[in-house]
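The two complexes that follow have subunit A in common; it is paired with subunit B in the first and with subunit C in the second.
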Partner chain A sequence: MSLSKPVTGSLLSAPTVLYMAVFFIVPSLILFAYSFWSAASYQVVPDFVLKNYLGSLTSPLFWKVTFNAISIGLWTATITLILAIPVAYYLVYVARSQTILYLILLTWFSSYLVRIYAWRTLLGTNGVLNTVLLQLGIIDHPVGAFLFSSFAVTITLVHIYLPFCILLVVASLSEIKRDLIDAARDLGTSSIGAFCKVIAPNAANGLIGAFMLTFILVAGDYVTPQMLGGSSGQTTGLLIADQFRKTGNWPLGAAQAFLMFLVSLAIYFALLTAGRMSGLVVHRPRKKKEA
Partner chain B sequence: MKAPTPIIEIRDGKKSFGSFVALENINLSIHEGEILTLLGPSGCGKTTLMRLIAGFEGLTSGTLRVSGEDVAAVPPERRPVNMVFQRYALFPHLDVFENVAFGLKVKGLAKSEITERVKRMLHIVQLESLANRYIDELSGGQCQRVALARALVNEPKVLLLDEPLAALDLKIRQHMLAEMKRIHAETGATFIYVTHDQDEAMILSDRVVLMEKGRIVQIDRPEDMYARPKSLFAAKFLGETNLFETAVADSGAQGTVAKTASGIGFLSRNGVGHKTGDKVVVSIRPESFSFANNDEGSSQKTQGQVEDVVFIGSRSFYTVRLDDQAKVRIQVQRNGRVKPPEPGSRATIYWDADNVVMLPQA
Partner chain C sequence: MLLRLVVWTILAFLVAPLIIIVLFSFHASASLSFPFTGFSLRWYQEIFGNTQLAGAVTKSLVIAFFTALVTLVLGASASLGWLRLDRVGRAVIEAMSVTPIALPGLFVGVSLLVLFAQAGIRLSTLTIVISHVVIALPILIVAMKARLALFDPSLEEAARDLGASQRQTFARVTLPLIAPTLISSAILAFAVSFDEFVVTSFVAGTETTLPMYIWSMMRRTVTPMVNAISTLVLLFSVAILLGAWLIGRLRRQSAISARAEP
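Coming up: the complex of A and B.
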């Protein structure tokens, strides 16, 4: 017995589609509906109001934390990607071994929270960083701003998401054969030139993907900002979480979640457009294969 | 007179990958302007040798000189060498034109010159009409021609070609062979060529380097290597041959005589240095046998039964079973002068002492 292609295709994808429908699309739709309801004294009232959206859009706090989230997201994604590329390059083209990759992934086995606490120890007023800087005479009194700031949040998030980003970059570089680097060098480019002229353009979609995925995860992270962000390092994620956990204003939280989603989308397209205009991302229409 | 400096010279070259020795005892001088072919079974180290010359790998020990200069510390981009890769290694993000133009652009040539040279090259490889195609829209043979054009357009001093015609059909292959000979004559570049195709090696090369398991076993002009293989491996690898297990019966000024266990004797003028009683393998090419005694007295002969005839165009291949049951393949040029025997009949076969090669047992 053989099944036609579309039938096989739908059978193979059915479990995923079903799962996504039940556990992602349905809740999202419910949340979307919520975002138009109203809340009064911890009660959610079915309604159709735009005040959740309008209120957020006109709230300076919302914009401040969103700006924070975006800037932490962009900084973290940028630093992570810049750090991930040489490591991934080394793993794919030089070491050609899986062991180091596994070691990098091993860091994920340690608890996220434990690592955040570890950073608190490192960055605190009596922490390692301050002690070292004091000893070196670079500063003359402990700097409190290392902790509870966007800076602390960013460096902690870089460390948390770096293995993830390395994995994504390794995946996209693995598609590009080593031969291409050899060919480029054979034709006169240096190894950095070969990376810029051959590897980067071919990996651009993957690299932008890695950047965006890191950005989205980081911008939505609310645990690290909560633990290390202090009052200046608050993000939209935290604000949204508070609507659900503390204020009990689910409709407002839902609306803010959708606004954040739109902002992320806008940044994604802005990046893609920038990539295309700079010629880094090659977008060419695929000719349809004639049957 | 002092010989000119070889363009490439490898002394005692050795290359290991971890504990695996890919190349060993490599001593090779390549003359400026020659076409040198690397020939050998899969995995014998041909590509590795090329990658060493191109600079993608470094020798584990030994020296590699280009124009007399040790290049151990010179990266690939600063060697006057271009390579056509076995697996093409074309740039998927660029179209055919841009692929070919890549090296010239890196060199920073004027746009008009780049365009002109790329167009000329695309004309030579017959790809003008596909200049704007991307690599994944090409056939294997078309890719191969782009790879060839991308290297040739730079007019390097040394061109490394790793099986550049393997994916082409006979007609375009012959065309490309002719083109490569022409480009070679025009540019005076040194070509180092890898092929599995003996005919290609014969047509193209000034010298053939025969390799086996990471070692060079013989370097010779193709016709000499064919006529005077220095080992059993060389005799078997290049062309077809008939082999006889023999022992040396006599060795004198006339030549060496060796006999099979059944008593067939072979006189050779090539087998110097063998002592009586030495076990040697006699190699005689199919075309060195004939059914007619056409030489004055120098011919040797034996008898057998004609078993089978295959006609291939102007040549016929005979299988003759000798009286000791050994089978011999004989190639006869059909010219009508001598009437060849019918299958099933008995025949006498003749050969000349000049064409008998005696080889040490492997």
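Coming up: the complex of A and C.
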């Protein structure tokens, strides 16, 4: 006797679905419940209070660090996407060898902490950037402001998330046929014009997706700002992480995590609406693949 | 040609910091700036005498191994299930596997910490492995999905029609077709676990993994010893990537030649 296909399929997928339910969905729900609980003398008490949310929303510090996280996120995601597009374009339509792809994969898989450390040593007062600029005579004394600034944080985050963003953009460009671009070029459009008129509208959803994913990951990254941002490195992520480590108000941290999540969602929808209104994003019905 | 120049400049930006890290790991003096005062292996010698570091490396290797193993078993099973599911079932797996990738590690780490605290599970190597699987499994499923889109279920049906048992069909048809991707994805799971820092920092308790050791060193000082460790970690990632790529290639070739046999 053999089982029907969907039943076997469900049985085979069940362990994974169960695993993700127990260790991803349940924890997220508990965290959500926590955000309404209260903390008293290092004890978390089940409760239903809104003070974690209201307290955060009325705290100037929370808004300051959230604004900081969003601005770091938007700057980094913008620069990352601008850099990712030419590389992805080159990979999809021009490159014949795989060398570039392997270089990108290599940087993507090189350690996260190592890359933060690399920029820290590059940008320090005795770092490579300062010594090179001094020797070239461009500056006469070491610039201390390279490190512990938004500049340091942004350049490092771009370095960390660029490979990932390139791969996302490659995935969205791969769906556009070369013929479309050739046709546009044949009709006399410049290569930049072909990009704006043919590729961008067709890949818009994928590009916005890549931008948003980069934004969310960057805005939630608190290690880089902590290591390289100095006093400007306070972000919501660090605030949340500290709630779960130092001061220990877990419910407050949980509420702030969900507020951060809501802010990201709001930005996503704002971006999508802006895209639709400007006509860049066209809502197209999905092609049915079912035979 | 302008495009080419732009692309290579961006690649230089990606690769140069890593090269500089490697370069200064061989620096004879403790300074991390030019002018370069000569080559030496002293920082590597210091590493090999460090027992704390050796302990952290062993811990990370053990965690990465078990993460890859659990991810491989769960992921392989889910991929086989995926082939047999209808659209709704596939959507469920997709939603569960894609969402964690789109969330910052902070969110995953904090929610797992809350779960372990609420369930009264003591933080240990086990909780680290559990958490790493949550991150690695989605990556494996996304990689498998791209590969399985090319998989033709009629091959399995054909084998069954020709009289192969369910087990034979699995061993001779299904497994050879999905094995290369499965194994290379499991190796990637190993790499992800070996490098994971943010989630680990929440669920590690008193355990120290290699990234956590590097972090504590980075915070204390800037010494070429961190460069030497970083260089070895980089070499290890290159080796892992190369391994994943080679296995993917070899197995694919053997799968193709097995199919070509009469």
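By our rule, the second predicted complex is superposed on the first by the 254 of 291 C-alpha atoms of A that agree within 3 Å, B and C clash if a C-alpha of one lies under 4 Å from a C-alpha of the other, contacts with A are read in each partner's own complex, and residues count from 1 in each chain.
Basically, a contact is a pair of C-beta atoms (placed from the backbone, for glycine too) under 8 Å apart; a residue touches a chain by one contact, two chains touch by 3 or more.
Just so you know, these numbers come straight off a predicted model, no measurement behind them.
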Q.
Taking subunit A as the common reference, can subunit B and subunit C both be placed on it without clashing, or not? Answer clash or fit.
A. fit
Q. After the fit on chain A, how big is the angle at subunit A between subunit B and subunit C, using C-alpha centres and going to the nearest 10 degrees?
A. 80
Q. Of the two partner chains, subunit B (first) and subunit C (second), which one does A:263 touch, if any: first, second, both, or neither?
A. neither
Q: Would you mind checking which one, subunit B or subunit C, touches more residues on subunit A?
A: C
Q | First, second, both or neither for A:127, with subunit B first and subunit C second | A | second
Q. Given the touch rule stated above, what does A:190 touch, subunit B (first), subunit C (second), both, or neither?
A. first
Q.
Output check: A:162 vs subunit B and subunit C. Expected answer is one of first, second, both, neither. What do you get?
A. second
Q: Determine, under the contact definition given at the top, whether A:202 touches first (subunit B), second (subunit C), both, or neither.
A: first
**Q.** Contacts of A:103 with subunit B and subunit C, given as first, second, both or neither
**A.** second
Q. What's the minimum Cα gap, in whole angstrom, linking subunit B and subunit C in the superposed view?
A. 14
Q.
After overlaying the two complexes on chain A, where does the subunit B footprint on subunit A coincide with the subunit C footprint?
A. 191
**Q.** List of subunit B residues in touch with subunit A within their complex
**A.** 51, 54-56, 75-77, 81-83, 85, 87, 89-93, 102-103, 106-107, 134, 137, 150-151, 154
Q | Contacting residues of subunit A [partner subunit B, same complex] | A | 177, 179-180, 182-191, 193, 197-198, 201-202, 282, 284, 287
(Q) Quick check on the complex: what are the subunit C residues that touch subunit A? (A) 3-4, 6-7, 10-11, 13-15, 17-18, 20-21, 24, 31-35, 74-75, 77-78, 80-86, 89, 92-93, 96-97, 99-100, 102-108, 110-115, 118, 130-131, 133-134, 137-138, 141, 166, 191, 195, 197-198, 202, 211, 214-215, 218-219, 222, 226-227, 230, 233-234, 237-238, 240-241
Q | Complex contacts: residues of subunit A adjacent to subunit C | A | 2, 5-6, 8-17, 19-21, 23-28, 30-31, 34, 83, 86-87, 89-90, 94, 100, 102-107, 109-122, 124, 126-128, 130-132, 135, 159, 162-163, 191, 213, 216-217, 219-223, 227, 237, 240-241, 244-245, 250, 253-254, 257, 261
